[in-house]
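Dropping a structure here in structure tokens format, bear with me for questions.
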Amino acid sequence: MISSFKTTVASAIGGLILLSSAHSSLADELTDRINAGDPIRLGFATAIPWAYPGDNGEPLGFVNALTLVVLEEMGITNYETSVNEWSGLIPGLQADRYDIITGGMYILKSRCENINFTDPIGLFGDAMLVPAGNPQGIHNYQDVIKTGATLVTGAGFNTVEAAKKEGVPESQMMLVAGEVEILAAMNAGRADVAVQTFFGAKEHVEKSDGKYDVTDPADMPEWTQNWVGIGMRKSDPDFLAAFNEAMAKVIGGEKWMAATAPYGYTEFQLPGEDASTEYACANR
Amino acid sequence: MDTTHPQVLPEGSPLVRFSGVTKCYGPLTVLDKLDLDIAQNEMVSIIGPSGSGKTTVLRVLMTLEKINDGVIYVDGEPLTHMPKAGGLTFATEKYLHERRSKIGMVFQQFNLFPHMTALQNCVEAPMQVLGLSREDAEERALNLLELVGMGDKKDQHPTRLSGGQQQRVAIARALAMRPKVMLLDEVTSALDPEVIGEVLNVIRSLNSEHNLTMIMVTHQMGFAREISDRVCFFYEGKIAEQGSPEQLFGDPQNERTKQFLHAVLDAN
Amino acid sequence: MGYWEFLVEYLPKLANGAVMTVMVMVCATLLAVAVSMVFGLMRLSSHFAIQGAATVYIEFFRGTSLLVQLYWIYYVLPLMGLTLSPFVSGVLALGLNFGAYGAEIVRGGIQAVPRGQYEAALALNMSPFSRMRRIIIPQIYTIILPPAANLTVELLKATALVALITVVDLMFVAKQINATTWLSAQVFGTALIIYYAMARFALIPFLRWLELIAARKIGKA
Amino acid sequence: MEWRWEFAWEILPRMLWATGNTLLAAGVGYTIAVVLGLLLMLGQRTPYRLINMPVRELVEFVRSTPLLVQLFFVFFVAPQFGIKLSAWTAGMLTIGLHFGTYLSEVYRGALEGVPKSQWEACRALNFTTGYTYRRVILPQAFPIALPGMGNYLVGIFKDTPLLATIGVAELMHTANALGAETYRYLEPYTMVGFIFLIISLPTALGLRRLEAAVARAQGNTRH
């Protein structure tokens, strides 16, 4: 009697384990969680107009806006946000503090080694933020080297790598925590020139009542033009695929353009037909 | 401006004169229009219950505290005040500094400088204030340390010395300034009973052999009786009774004095 | 924008942040007190291993910087498979760090109780446990409260660091407002004043009140 | 994630270089604090209420608000008033002021720790005020102040990582940058912790020895 009871229990437990493992092999963890009705968690930093929090932490900026369009297409309307330092975005994703990075990250080789990216959401370039009238005549990294100017940018920004590749010595570079601190450093005269995304620089020009100009992004090295994607954990490939599928339906569409227009995103920023994350990962 | 007190005392006046001295701590009057003269070479003991103002007499004379009214004269000239336009005004620090060295004081708690040796304690002020050379100051200090029986401990720091030894160094330190008047503030109160004798012996020899002018606040009635020229009994900020030791201890007139002497002598 | 309009618009948000600051502060203080007691007593153990463990703990947490500990718990622990929420990470770092300082205060307090008290308790044949609990601990409150109060004010100030690991506290809210408005003087000035008010008019009076109670219990006030 | 020795070895030179900056920041900040602390203490001790009240309030305010917020305040606000400070200068001044207020309390406590009777003894020996400070009060106040001064030396060292938030390239800043470049946080942050431990433990021990030595030299095992 007793022994048969034991066998029953044991087989029941075994069955449960089998069941649960069978279930988890159907899809990745994130997909499971979303299907179970959990909110998706968006991680980003304060980088106007790319992605930044509203007064109550709501996701603003065009990367957040278009992400929400895609999520809606996937039937997901339940989300949470997490606001981080830029340099903490990737470790935060790996530490499972949020599920996707909507900060507006360039798809770069070094980043691809650590996280996955969705298909590109746009093609963007960097630019220099210089004092009005550009007295030192700085348009790109080579000009920075020539003039010996102090260049400020954000810790963990792609521009750090780019500046190094272009040969800017470390002594000429100043790293701060993010976009906000970049403008503060310029205001304080701690740096002569800042390098950041064209969008970010434009935003700063508007904020400073003509104290600064933004240089033409076309003056920057061609190879620093970058595609931006949404970052995801390598362990969530199913969710990535589903996201890409949904995005393909809406990208460049009416909803997409309407959601991003307030932030200055136009059709010129669309990634183009032949853009691929694989190419960016291999070449940037 | 005070014009009721003279700017100088006439020739032949006593070494120290308290003239109508009043000292208050807030609402509390600790010295009440005190008049007291101390003659050259006189040894005066001050006794009385605690709170009677006896220690304050020494503290105001040492200029540790400012008085509220009256004038203290030392050596014929005002100490707490200085002459100004026909009257007297409160002394400035500079004026005090020029006269304070006439007075020396030994404290109940010794107040030796803990970061200096016994010798350094005695050398410091003569060199700094009196301007003696190091050799002269050290010679003077060594003689005095010998006098108080502390010659062999001259290089010790105070924390290594017993209370009695510390107090003897403190006496030597005060003497090194060659003051005209020595103030002894309950110098044995903080000492263990077995070392009181050594300190009293030093004072005894100073009195008999060196003829110093001394004012001593004490609880040692026997010692006060033995050594003093005059004993003052303080009560509520005033001298209730004074006289020779024989008279004051043997035949006190004042009721308060009798009560006080009864109380302390019975306790002993 | 005048300062008054600024306050009307942003003070409620800063106040929300301040509430989070208080929550972090309270939780971290509770943890720190527990850690202090445990490691302070361990430090006095006659058992070599127990005392050694406490010493290593205390020296480790006092020897490294709070911000380093905070980042380590927030960024590195997850790499080892332990992901704590920002709030828990912040409370843990603050509690463990300040607990190490508190342990030294507890140890000092116990050692400051006169030897005669132990001997008297021993003479009454009390057990080591009840000697500690009934005789020594009640006496240490008056000794340890003043330094512990200083440490608590330090803890309140240190809570600002949790903003760097995305806890939405007063400092975090201030940074956010600054990022969108650039009213730096107003926003950081107001934040400083709120921190000051919390310390001076809430925390310190409360700690003084505790000191008074402890003094009364021992008949010193 | 596993610890990678070769990576740790690779970043070690940069970490050590940054350690130099951390020590420099702590040293400069402490020097400013020692001097500012003295001025603040004197300001509080002047008999003029117009000076001592504001100084007292300033010290209270700076002491009870977070250094991190102060750093942000100086970093963001000073430029708005046309004061252009480098990140280093801003950081050094702020941390110097913050710890200066602590040190002013240490000095004050030390001066008050010298018994009043020492002042009286000096007066009885007719020393001037200046001489009394120099020869009697300060030599006795110094050993009292020493433990507090030592604690805050170690304290300022351990607070230097906060300077990273305003862009001072010290140890923490370098670890952040390395993490952001390589996406490896285990080694940089762990190494920062150990470097701090390696420096602060012997320093604390040395300071304790120094205190004992000073106390001995003064013949003064304090009551």
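Note that the chains take the letters A, B, C and D in the order they are written out, and that residue 1 is the start of every chain.
Please note the rule applied: a residue touches a chain if its C-beta (ideal position, glycine included) is under 8 Å from a C-beta of that chain, and two chains touch if they have at least 3 such contacts.
Protein identities per chain, from UniProt: A = Sulfate starvation-induced protein 7; B = Glutamine transport ATP-binding protein GlnQ; C = Inner membrane amino-acid ABC transporter permease protein YecS; D = L-cystine transport system permease protein TcyB.
As the structure is a computational prediction, the values presented were derived from the model and not from experiment.
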{"item": "Label of the chain whose CA centroid is most distant from the centroid of chain A", "value": "B"}
{"item": "Chain closest to the assembly centre - both centres taken as Cα means", "value": "D"}
{"item": "Between chain B and chain D, centroid-to-centroid distance (C-alpha), Å", "value": "47"}
{"item": "Euclidean distance of C-alpha centroids - chain A vs chain D, Å", "value": "39"}
{"item": "Chain A and chain C, separation of their C-alpha mean positions in angstrom", "value": "37"}
{"item": "Between chain A and chain B, centroid-to-centroid distance (C-alpha), Å", "value": "85"}
{"item": "Two or more partner chains touched - positions in chain C", "value": "75, 79, 164, 175, 178, 184"}
{"item": "Sites on chain B at which at least two other chains make contact", "value": "none"}
{"item": "Per-residue overlap in chain D, given as positions that touch at least 2 other chains", "value": "76, 80, 165, 179, 185"}
{"item": "Chain contact graph, described as a line, ring, star, complete graph or other shape", "value": "other"}
{"item": "Chains that touch, pairwise", "value": "A-C, A-D, B-D, C-D"}
{"item": "In the complex, chain D residues that touch chain B", "value": "115, 117-118, 120-121, 123-129, 131, 135-136, 139-140, 218-221"}
{"item": "Residues on chain C engaged by chain D in the complex (per definition of touch)", "value": "59-60, 62-69, 71-72, 75-76, 79-80, 153, 157-161, 163-164, 171, 174-175, 178, 184-185, 188-189, 191-192, 195-196, 199-200, 204"}
{"item": "Chain A partner contacts - residues on chain C that touch it in the complex", "value": "13, 74-75, 78-79, 83, 85-86, 164-166, 168, 172, 175-176, 178-180, 182, 184"}
{"item": "Interface residues, chain A side, partner chain D - complex", "value": "86-87, 90-91, 110-111, 113-114, 152, 155-156, 160-161, 174-177, 181, 184-185, 187-190"}
{"item": "Chain B - residues contacting chain D, complex", "value": "62-64, 93, 97, 100-101, 103-105, 107, 109, 111-115, 117, 124-125, 128-129, 156-160, 173-174, 177"}
